[in-house]
Amino acid sequence: MNKLDLSVDLNGLLLKNPITVASGTFGFGREYADYIDLNNIGGISVKGLTLLPRKGNPAPRVIETPMGMINSVGLQNPGVDVFVEEEIPFLRQFDTKIIANINGNTVEDYCGIAERLSAADVDSLELNISCPNVKNGGMAFGTDPKMVAHVVSEVRRVAKKHLIVKLSPNVTNIGEIAKIAEANGADALSLINTLTGMAIDINTRKPLIANVIGGLSGPAVKPVAIKLVHDVYKAVQIPIIGMGGIMKWEDGIEFMLAGADAISIGTANFVNPKVTEEVLEGMTGYFNKNGICSPQEIKGGVTYQK
Amino acid sequence: MNKLDLSVDLNGLLLKNPITVASGTFGFGREYADYIDLNNIGGISVKGLTLLPRKGNPAPRVIETPMGMINSVGLQNPGVDVFVEEEIPFLRQFDTKIIANINGNTVEDYCGIAERLSAADVDSLELNISCPNVKNGGMAFGTDPKMVAHVVSEVRRVAKKHLIVKLSPNVTNIGEIAKIAEANGADALSLINTLTGMAIDINTRKPLIANVIGGLSGPAVKPVAIKLVHDVYKAVQIPIIGMGGIMKWEDGIEFMLAGADAISIGTANFVNPKVTEEVLEGMTGYFNKNGICSPQEIKGGVTYQK
Amino acid sequence: MSFVGNLEVLKNEVINEEVFALTLEAHEADIKAGQFYNFKTSDIVYPLLRRPISVALVEDGKIIFYIQKKGTGTQLLSNLKAGDEVNVIGPLGNGFDFTGIKKPLVVGGGIGVAPMMEAARQLKESGHEAVKVLLGYREEPYGIDVFEKITSDIAIASERAEGYHKGYVTALLEEVLDAAVYDGVFVCGPHVMLKAVAAICKAKGVKSHLLMEEKMACGIGACLVCTCKIQKEGESDFKNLRTCKEGPVFPGEEVLFDE
Amino acid sequence: MSFVGNLEVLKNEVINEEVFALTLEAHEADIKAGQFYNFKTSDIVYPLLRRPISVALVEDGKIIFYIQKKGTGTQLLSNLKAGDEVNVIGPLGNGFDFTGIKKPLVVGGGIGVAPMMEAARQLKESGHEAVKVLLGYREEPYGIDVFEKITSDIAIASERAEGYHKGYVTALLEEVLDAAVYDGVFVCGPHVMLKAVAAICKAKGVKSHLLMEEKMACGIGACLVCTCKIQKEGESDFKNLRTCKEGPVFPGEEVLFDE
């Protein structure tokens, strides 16, 4: 019997195991270090970074919805410089990959932060293309094939790091967008970012999120995420980090069967700060029970006729 | 104090109250007639009809997901002729509007059924553009602006009835699609149809829906539906029937504040066959309590700066 | 029209590690064996859909359900205590049709043994003394005491427990059908068992009546998700019928088991 | 690091129509008044997010929470019975800082009265005899008995109930601040009350310490949804701080109430 090796190779980014945490849900790891051993996570996608510090949006920034939550933090973060000086040294104490989630409102912003981080000690850049493009009426970069091609190729040009492109689910044809990201130099893809959602207080008649709309995450979106991961799996050759509503190890396996090489846990951390370790344990058990030697063996393993 | 008049005018289709039921969730009304008085519903959108009878998809056709369900019935229906002969006479016993939900895989199919029903005793046609276009690689009509323009204008040409176009949520820019439907002759719009979703059994590694993918409905999708209804409200002048996860009267009010003139209840009927009457009662109470004389007074009543 | 509303829990009894017997106060209704109730498993909105559970036994003033813990819904039902209320719709479905049956055979497997209690009871009530009952289990049998009050002619198979016919209930079925003539086999059990029973009965020329399971949403015939492929004798094609409405009991000869 | 895990319910007491007092077994922890626990309100996955509840009182071996029924989460907590277990994370947040305080004033309004019990108790424990406590209610007061065991100097306002100062607790506050000099006002209550208290204290030159509420997701400082606008003295701009981590207690002078 072969031995299980949990590591997964995301086209150059080698994770010790397929469990990562999703950007914006894990801060810079500090808070969770009290609850779990960060050495047990394959990689940490840190809070979305911008070139300059950002205050983020006014409150309320969150509302619970049926088996989900809408958030609109507005990319509050200390800026890339503080991240490099204060957070990287902290994270480097642990044997886990640092994935820097980068954000911008112009292609120049994105390139600026990618350049800055190319000179820093991070393992991968995760290009969040769900940000609004201020030069294009605020439409998210990730929803327009042309903008995707442009921003990915420009960032690729300056990024001297492994590059993940994080896809928005709010599109008609995610396979097409995925192919464009791949063609323009993405080493891997991650998805899904949040679905756009809204909720209204019927007494005050105001939106329950100060920013009016926000991003829906949590178990509610899992069926959509599985479908989109499978679409992307059929469209591209590069590795996929699957996420969206993962609460338990079974969900992690489901994402891998749909086509993911690794998974990312977001909202579930809020409910159970130890969820990553529990998912790792459960998935390991499944691999062992089913005689699987490498997580990537089950990638896209869902079977059906058609 | 003015008296509350519950009726809503959907650009020619006059509903006695803003509560309708969603296509595919209420059969042809027969089953629910045992549980509620169908006279209490503003309108019934019947099970999706096709020109010829359809067997639908193999089992399993349903799987529960967190606060939602995926279905893939595959438009099982007896065909438009049986509908006209057997179901219309049954429904006409009640004082409620008959909305015929029409489906096709080609523009000719859609036009054929629209013509047939133009000669029949129905109050409105609801054009479901989420069906795959067999002449275009199976891509849903409703996801491509050109196809939307084509199918809506063609159906409009032959349809001698009030015409609702039912929008798919699986698009990048629903406002654009809505405008196209409006420009091509839709009298009203209904949304959202189901989000595309998928689920996998990790033990058998098979999809939990025989058709692999299916439509996600229920409370899980409500935040997405509210957002999309609001987008469409900002984009068009014609009336909107809002739906997606309505479980209680508060949800109905939320949809109206987002921009709906009327609402439609789907999945909730499965959980509580009396939900329509309960929602009607609750919404009526809200209108009275808030001194609202007509439901359409609160259409789009959500307030925010921007 | 079926009853929709709350019924009081009179008792909730642990049968074994997996199965519990939930006793509800009866409401006024004529319940046919093989019919089911659709349970709201919690007071809150989650789990979203109802759970269909067959009637296992009707006693004066009581309806008893045997429920196997599978997921959250059945787990929540197992937590109910005497005095609690539970929201149900029922009775639903067609139920077994015993009309004209002279010599019935009752077959149950696994949790599918439960609805056969009421089947046996109703057969006895309508004059069938000592109905023959075949029961199959994976492990230790349950519910035998209930059947013993109804009939003396019980044969039991178990895949693993000692002291019973070792193996599947289908082996018993073949023996029994070889030994005597029955004009109706009434069955509930797992999918594979139903399929095997249908084939055996067909081969031996006996009509089987299968209580089929299919995932449901509305339970009342409106949503069409609970489809069962039925091909009637002499017809050239199949129909997709509703398990909750035309079923859950279908003629074994007509069911197309195609996975 | 905070405790994460199950605690046993020792008691669940109805206080009035809306409020109940939930007593849990204590775990080893140093709890500061004003800190909170984040409760998983059911064994199943719904409701999804935890619910933050302030510590109302720490007694030997017990932690007591006063909880107002609002929605599903608090409703589920109200159903807990002695012997049940509940999953919590805590204690969380900064809590009140009483360091160097000579003459404290304790103010609570509505359900915000609850965390001020422990505030008063800890002040007494650290040597403040007869702490002055001002309490405001809409209807009939609750919890007075608890405060009476801690201090003799209690003033109570109610908007509707008879036998108390008619009106808002802020009126009492103005009187009290005019009558004597305090060096710290510790407050919890509804948003409007906190805003009014902060303004009054600022006007009278007394530092106020506000226990703020904001919707939360993680409760441990990771998600940034629980933002509170804070402008420190002398700084030209505000910062968005985390209510769950830098708070929930913030200096009244620094909070920007802008809606």
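By letter and in written order, the chains are A, B, C and D; residue numbering begins at 1 in each of them.
Quick note on the criterion: a contact is a pair of C-beta atoms (placed from the backbone, for glycine too) under 8 Å apart; a residue touches a chain by one contact, two chains touch by 3 or more.
All of these numbers come straight from a predicted model, not from anything done at the bench.
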Quick one: how many steps at least from chain B to chain C, stepping chain to touching chain? 1
Among the chains, which one keeps its Cα centre farthest from the Cα centre of chain B? D
Whole-Å separation of chain centres (CA-atom averages), chain A against chain B: 33
Give, as an integer number of Å, the spacing between the C-alpha centres of chain D and chain A. 36
Counting in whole Å, what is the centre-to-centre distance of chain B and chain D, each centre being its mean C-alpha position? 47
How far is the middle of chain C from the middle of chain D, if each middle is the mean of its Cα atoms, in Å? 55
Using the touch rule from the top of the page, what residues of chain D touch 2 or more other chains? 45-46
Which residues of chain B are in contact with two or more other chains? 66-68, 218-219
Taking the complex as given, what residues does chain B use to touch chain C? 24-27, 30-32, 34-35, 47, 55-64, 66-69, 71, 73, 76, 218-219, 247, 267, 269-271, 273-274
The chain A residues in contact with chain B across the complex are 65-68, 70, 143-144, 170-173, 195-200, 202, 205-207, 212-213, 216, 218-224, 226-227, 230, 245, 250, 253-254, 257-258, 286, 301-304, 306
With touch defined as at the start, can you tell me which chain C residues reach chain D in the complex? 44-46, 72, 76
For the chain D and chain A complex, residues of the former touching the latter: 1-2, 4, 40, 45-50, 89, 214-229, 238-240, 245, 258
